[in-house]
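In what follows, structures are represented as C-alpha cells.
The same chain A turns up in both complexes below, where it pairs with chain B and then with chain C.
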Partner chain A sequence: MVSTHMSLQRPAAEEAAHSRRPASRRRWVRWAPAVLFLAPAVAILAVFRVLPFVYAGYYSLTEWDGIEPPTFVGVDNYARLLSDPVALEAIKNTGLLVLTLPLWIFLPMAIAILVHEGMWLGRAIRLALVIPILLSPAIIGLYFSLVLRLDGPVNELLGAIGLGGLATEWLAEPHTVMPAFLTIALWGALGLGTLFYGAGLASLDDELYEAAAIDGASTLQRVRHVTIPHLRPVAVFWSLFVLISFFTAMFPLLFTLTSGGPGHRSTTIDLYIYQAAFENFDFGYSAALGTSVLLLVAVLAVIQLRLIARGDEA
Partner chain B sequence: MSTAVATRARGQRLRMLPATVMLALVGVTTAFPLLYALVTALRTQSDYGRGSLAVPREITFQNLQDAWQAAGLGRLAVNSLIVVSISVAVTVLVSSMAAFALVHLGLPARVGRFGTLTALFLLALPSTVLITPIFKVTLDLGLLNSYLGLVLVYVSLSSPFGIYMMTTYFRAVPREILQAAEVDGASAPRRFVSIAIPLARPAMATLTALTALTLWNDLLFSLILIQDPQRRTLTVGVSLLESSFAQSSSAVVLTAGLLISTLPPLVLFIFMNRSLMRGLVAGALK
Partner chain C sequence: MIHSIAEARPDRRRFLRLLGGGAAVMAAGPVLAACGADETSGGGGEMTGELEVWDFLRAAWPEWKQVQTRADERFQGAHEGATVKRVEQPSDTATYNQLLQSAITSRSGPDVLLMQPYTAGVFSFQSGLADITDAVDPAIVEAVEPSLASAQADGKLYGLPTGLQANVIFYNKEIFAAAGLDPDAAITTYDQLVGAGQQLKSAGYTPIAGGNKEGEINGWMNSFLFPGLGTYEDSLKLASGEMEFTDDLMVEVVERYVAMVSQGLFTEGMQSMPLSDYEPQFRNGEAGMILSLATNGINLSGAVGNDNLGVIQAPGIASATPHYYPAGTALVWCVSRFSERADLAAEFVASLADADTSQDLYTTVGWLPANTTAETGDTDYPVLAEMADAYSTYEIHEAPGTQWRADLANAYKSQLQLVIAGSASAVEALAEVQRVADQSR
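Our next item is the complex of A and B:
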C-alpha cells in the first residue's frame, strides 16, 4: 500500500517542482475553505484526544503524585501491575464481567425477537426497558444503593413474601456484591441492546417471512433460520461494543454503587484506574494501567473499525 | 383467511405468554426507579421509616427544597445546564463544519476518507482509560477547574461521533446542488449555512439529543476536571451527596437529588424521542 502511494505521489511532486509557486498557491486557495472548516475540530481533537495518547505512554513510565514533577522510572509501573493484588483482583472482576457476555448478547436478542413476533405488551415492555439507558450509570448506582439498603424495598419485599431470612446488606457482603453488580449492569443495558437488535429487525425483509410461511415453516423454524441469521452482524457489533464497555465504562455505576468495595471485592479495572490516580495519587501507575487496557481494547476497536468501514462501503 | 391468521397469531402469543410475564416483570423493575424516586422524594423521613414501599400518608416538598438549596443542587443544576448546552452547541457546529469540509469542499477523495477514518478511530478508542493524561493536558493548559476546559474535553469526546455521523449524512446530499450554488458564486460558509444545514437538520437533531444525554450523564470527566465543589456539575454533586452531606444524607433527600438529576433526560426523552432513539442506536453502532 505504501509503495503505490509513493508512485502516485512522485509525478505530482515533479509537476509541482516545475512551477511550484503558482500551483501550490492555487491549491492553497482552493483548499483554504476546507482547511478553515476543519480547523476547530482538528485543533480540539489534536489536543484533547491525540495528545493524551502520547502523554499516556510517557507518564506510564514515570512516578508522579500530581504535584511534584514526575520522575522517570522505566517500566517499573508495568512490572508492579503483575504483582499488585488489587490490580489482579480488578482483572478478575472484569474477567467475571466478560464471562457474562453471552447473557448480554442473547437476552436483548430474545427480547427484540419476541417484540418483533408481536408479543403481548411488547411495545410497553420495550419502552420500560429503555428507561435505564436514559439515566446516568452513576444515578442507577445511587438508586440501587438506596433500594438494596437493609431497610430498602428489596429486603422489605423479601420479608413480605416470607423470605425475610434472605434479607441482607447486598452491597456490603463479599459474596453478594459481585452478583448484584453483574445483574444491575446487565439490567441497565437490556434496553439499549433491545433497541439495537430492534433496528436490525426493522431491515428484515417481509418477503423472507412470507416465503418461510408459504414453505410451511413453524414460528421456531422461521426464527431459527431467518431471523437469527439476519441478526448475526448486529450481534457481532453489539458484542464488541459491550466487551469494550466492560473494560472502560463500569466506573460511574460502581462509583456510586459500591466504590469497589467491600475491600476491593467489586473493583473493576477501569474503576481502579481512577482510584490509582485520584484516590492514591499514583498517576504514573494509573497511566500504566490505562495504557495496558488501551492496548488490549485497541485490538477489539480495530476489529470494530474494520466492520464499520466495510459496512460503509456496502 | 384473516381469522385463521388471527387465530394463529393468538396461539403464537399464548405460547409466548411465559416469556411475556417474565419480561413484564423485568419491565416493572426498569420502570420502577422513576416511580420510586417520585414517591420517596415526596415523603417525610419518618414516613419512609414506616416502610420504603408503604403508600405515603402525607406529601411534602421539603426534600426537594433541601436537596435544591441546603445540599446546593440548584446551583449545580444551573452549572450543568450551562456546560452541557455550550458543549452540545459547539459539538454540533464543529462536527458539522468538519464533516462538510471532508465531503463537500473539494478535498481529494482520499483526504476525505482519511478524515472520516481518523474520526472513527478516535471514536473506537475509549478515552475513559486515559484520564490521567487528559487530566495532565488540561492541567498544563491551565484549564483545570474551568468550564472552558470541561467544555473542550466534552467536545473532544463527542465530536468524533459527530463527524462520523455528519459525513455519512452529508454524503447523501447530492453534489450537484452544492456545485450549482458554487457556480452561482455562493461562498463556502454561505453554502454551509443555507444549503447544508437546512438539509442536515434531522441529523443535527439526532446528534444534539444523543450528545446532550451523554454529557448530562457524565460523571468521570466532570469529577476529575472540576474540583471546586461550587462549580461541579449535577451528576457529580448527586453522586457525592451521600458522602459530602452526611447530615442530610437521609434516603428521602438523596432520592430527591436523584429525581432532580433525572428530569432533563426525561424531558429530552419526551420531546426528542425519535432523534434520541435514533442517536442511541447509531451511537452503539458507531
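Our next item is the complex of A and C:
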C-alpha cells in the first residue's frame, strides 16, 4: 500500500526536470498518443474524401476528357452551368425535392410517435416500414419501374376498380414522373427516418410522461409538449441528412427508375453530374457541377442551421 | 456532447485556420494533378509475352466465345512466345465505359480493348488509344475500308472493325399471312411499312415490338428512316454542322417516326419498357415485327423458325443517291496507347479482323463481316444471307447519326422522348439538340 502510494508520487527531482521542459514539448507529449491513434483515420479521410474535393475544384477550372492532360479554361464551366438548360432543369427538379422537405421530416416523425404511443401499427406494418432500408436504391428503382409500367400492377389495379382511365405510363409522362419519383424516394426513406425518431423516443424518460399525466395532460398535449420537443435534435439531424441526400444520393434510384427522362424531366443534379462525366465524357464540366453542388449544399445547410438556431432562441 | 447549435459552431480563429489549411491543399491540387497526368505511354514493345484482352461479349454469348477462342489459338500458333489472356467484362456499356475510363486514366489496364464504334466508344477514348496505322498489314486495312470511318479520325487509325451492324425490322411471315399481308412481298417504302403496321394492328397484333425507356429506339429509328429522305452527303453535313438539326429534313424524319408511334404501331407502353424487355413479344407471336439489330437475326431465327423470319431494310435506300447502306460498324478492336506490347497487340487486332475470323463470326454468330474479302455465301439462315447480299451491293456502310458526338446522341434520344410524350414539338426538340450541337463545337 505504501509502495503504491510512493510510486504515484512524482519524485522531487523528476518534478523539477518536468517543470524545466518547454511548454510546447509538454503539450506534444500529452497529445502524441491521440495524434498517433487518429493519424490512420485522418490519412484515409484525406486521401479518399478531402483530396477528391480538391481535385474536383481543380478540374472544374479545366476542359478535360479524362485522359489527356486537362486544359485550363478558368471559370468557363461555371459560366456554362448558368446557361445550360439541362443543368437548370436538374437544379429545378432538385429544388422541387427540397420543397418537400417538411414531408420528409414530419411523416416519419408522425409514424414514430404513433408507434411509440401504441396507437397504431402492428408488427407487420412496422416490418414493412423497415424493409426499404434493407433494399438497395437501385433494386427499388428496378422494382418500381416494373410496377409502374403501362401493363404493371398499379395500372391493372386501377382498371380493376373502374379507374382504368387513369392508367398511364407513370414514369414516361412528363407531368407524372416527378410525383411518382418523389413518392418512391419518400417510401424508400420512410423506414430509416422512423427508425431514427424511434431511437430518439426510446431515450425519452417515462417520468416526463408520468408528470404530464399527473398534470392532467391529454395524449395530444403530451405529444405536443413532451414528445415533439424531445425529438427536436433528431429532427435537426434527420433534416440535414435528407437535405444533403437530395443533392447527392438520388442517383442510384433515378438511374434505374427513369434514367432522368422523359427528356430531362426527372434529372436531378447528382444524376446530371454522372451523365456529364460518363455519358458525355465532359469531366471538367461535371467537376464544375459537383463543386457548385458542394457549395450550394453548404450554404443551404448553414441557412437551415441558422433557422433552427433562431427557433431555439425564440 | 453538443447541446445546441451555438456550441457546435467553431470559433473564428479555428475557422480561419481550417480555411487556410483548405486553401493550401487547394493550391497543391494542380501540382498533384500534374504529377498524375504524366505522358507515359507504351511504344512498339516486345513481340512476345501475354496480351491482356478486355472482352465484354465473352461472358454473355457462348458462340462469340467459341469464335474468339479459335482466333486466339490461331494467333498463338502463329506467334511463338505470345499468349492471349481474355478478361470478361460487363456487357453494360455504361459500366464498361467507367472501367475503361479508370484503366486509361491510370495508364494501366489491357493491351487490347473491345470498343463501341464512333463516339459511343472509340472517339470518346481516342486519346487513350494507339494509332495502329503503321503496325497492321495494309491488306487488312484495305479489306475493311468501307467501314473504317468508325475507327479513323485525323488521319489516324484507332482500331479495326469486327463486323457490320444495322437497324432493321425483322418480321414473322406466318403473322403477316394471318393478317392478310403477303409475307414474301418486299416492303421498300415508308408508306408500305405504315400500311403493313396498320393491317397487323387491325388483325389484333402488336405491329412493331419495341422498348424505349432508354430512348435507344429514337436513335435507331433515325438511322432507319433518314436514308429514305436524306442522302449520305446530308448525313455528313448534319454531323459536321453544315446542316442544322432544325432542317426540314430532320423535322420530317422525326415527324414520320412520331406519326408511327401515335398511330399505335409500336408496343403499347413502349416508353417505360426497357430495351431488354421487348423481345418476348416478338418471340411469343404477339408482335408481327420487331425493330432490332442485324446481329440479332440468328437469335430471332431460332425463336420463330429459320424460314419464318423475314427482314425489312431501311425504306427508301434502293433509290437513295449515292447508294449507301445505313450500317455502322458492330464493334471495334483497339490497342491501348499504354500497352507495353503495342505492335504485338496491333497484329492481334488485325488477326481478329481478318477474313478467317470474319468468316467464322458470320457462320457461327451471324455477324455480317466488315471484311470485304470474307465469304458470306453458305449459311443456314436465309435472313442472314439476304442481309449479306444487300450489304454487298453498297460501297458505303455508314449509318446516319453514328458520327454524332456522345452528348448530341444523348440529347437527340432524350428530346424525342418529350416529342412522343406530347410535351414538345419536333421543331422544339430539334432546336434543343441544335443548341447542344452548337455548344459542342
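Convention: the second predicted complex is superposed on the first by the 247 of 314 C-alpha atoms of A that agree within 3 Å, B and C clash if a C-alpha of one lies under 4 Å from a C-alpha of the other, contacts with A are read in each partner's own complex, and residues count from 1 in each chain.
As a convention for this text, a contact is a pair of C-beta atoms (placed from the backbone, for glycine too) under 8 Å apart; a residue touches a chain by one contact, two chains touch by 3 or more.
Quick caveat: nothing in here was measured; it's all calculated off a predicted structure.
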Contacts of A:A211 with chain B and chain C, given as first, second, both or neither: neither
Contacts of A:E68 with chain B and chain C, given as first, second, both or neither: second
Which partner reaches more residues of chain A (counting touched residues only), chain B or chain C: B
First (chain B), second (chain C), both or neither touched by A:L294: first
Contacts of A:L101 with chain B and chain C, given as first, second, both or neither: neither
First (chain B), second (chain C), both or neither touched by A:W170: second
A:D151 touches, of chain B and chain C: first, second, both or neither? both
Touched partner set for A:H264, first chain B, second chain C, both or neither: second
First (chain B), second (chain C), both or neither touched by A:A79: neither
First, second, both or neither for A:L305, with chain B first and chain C second: both
On chain A, positions contacted by chain B and by chain C: 50-51, 54-55, 59, 145, 149, 151, 278, 305, 308-309, 312
Touching residues on chain B, where the partner in the complex is chain A: 9, 12-13, 15-17, 19-20, 23-24, 26-31, 33-34, 36-37, 40, 49, 51-53, 94-95, 97-98, 100-102, 105-107, 115, 117, 120-122, 124-138, 141, 152-153, 155-157, 159-160, 163, 168, 187-189, 192, 213, 216-220, 223-224, 235, 238-239, 241-242, 251, 254-255, 258, 261-262, 265-266, 268-269, 277, 280-281, 284-286
Partner chain C, residues of chain A touching it in the complex: 50-51, 54-55, 57-59, 65-70, 80, 84-85, 145, 148-151, 169-174, 236, 258-265, 275, 278-282, 305, 308-309, 312
Of chain A, residues touching chain B in the complex: 30-31, 33-38, 40-42, 44-45, 47-56, 59, 110-111, 114, 117-121, 124-125, 128-143, 145-147, 149, 151-153, 156-157, 160, 187, 190-192, 195-196, 199, 219, 237-238, 241, 244, 247-249, 251-252, 255-256, 270, 273-274, 277-278, 283, 286-287, 289-291, 293-294, 297-298, 301-302, 304-305, 308-309, 312
Parts of chain C lying in touch with chain A, wherever the complex brings them together: 4-6, 25-26, 28-30, 32-34, 37, 39, 94, 97-98, 101, 104-105, 124-125, 127-128, 213-215, 268-269, 271-274, 406-407, 410, 414-415, 417-418, 420-421, 423-424, 432, 435, 439
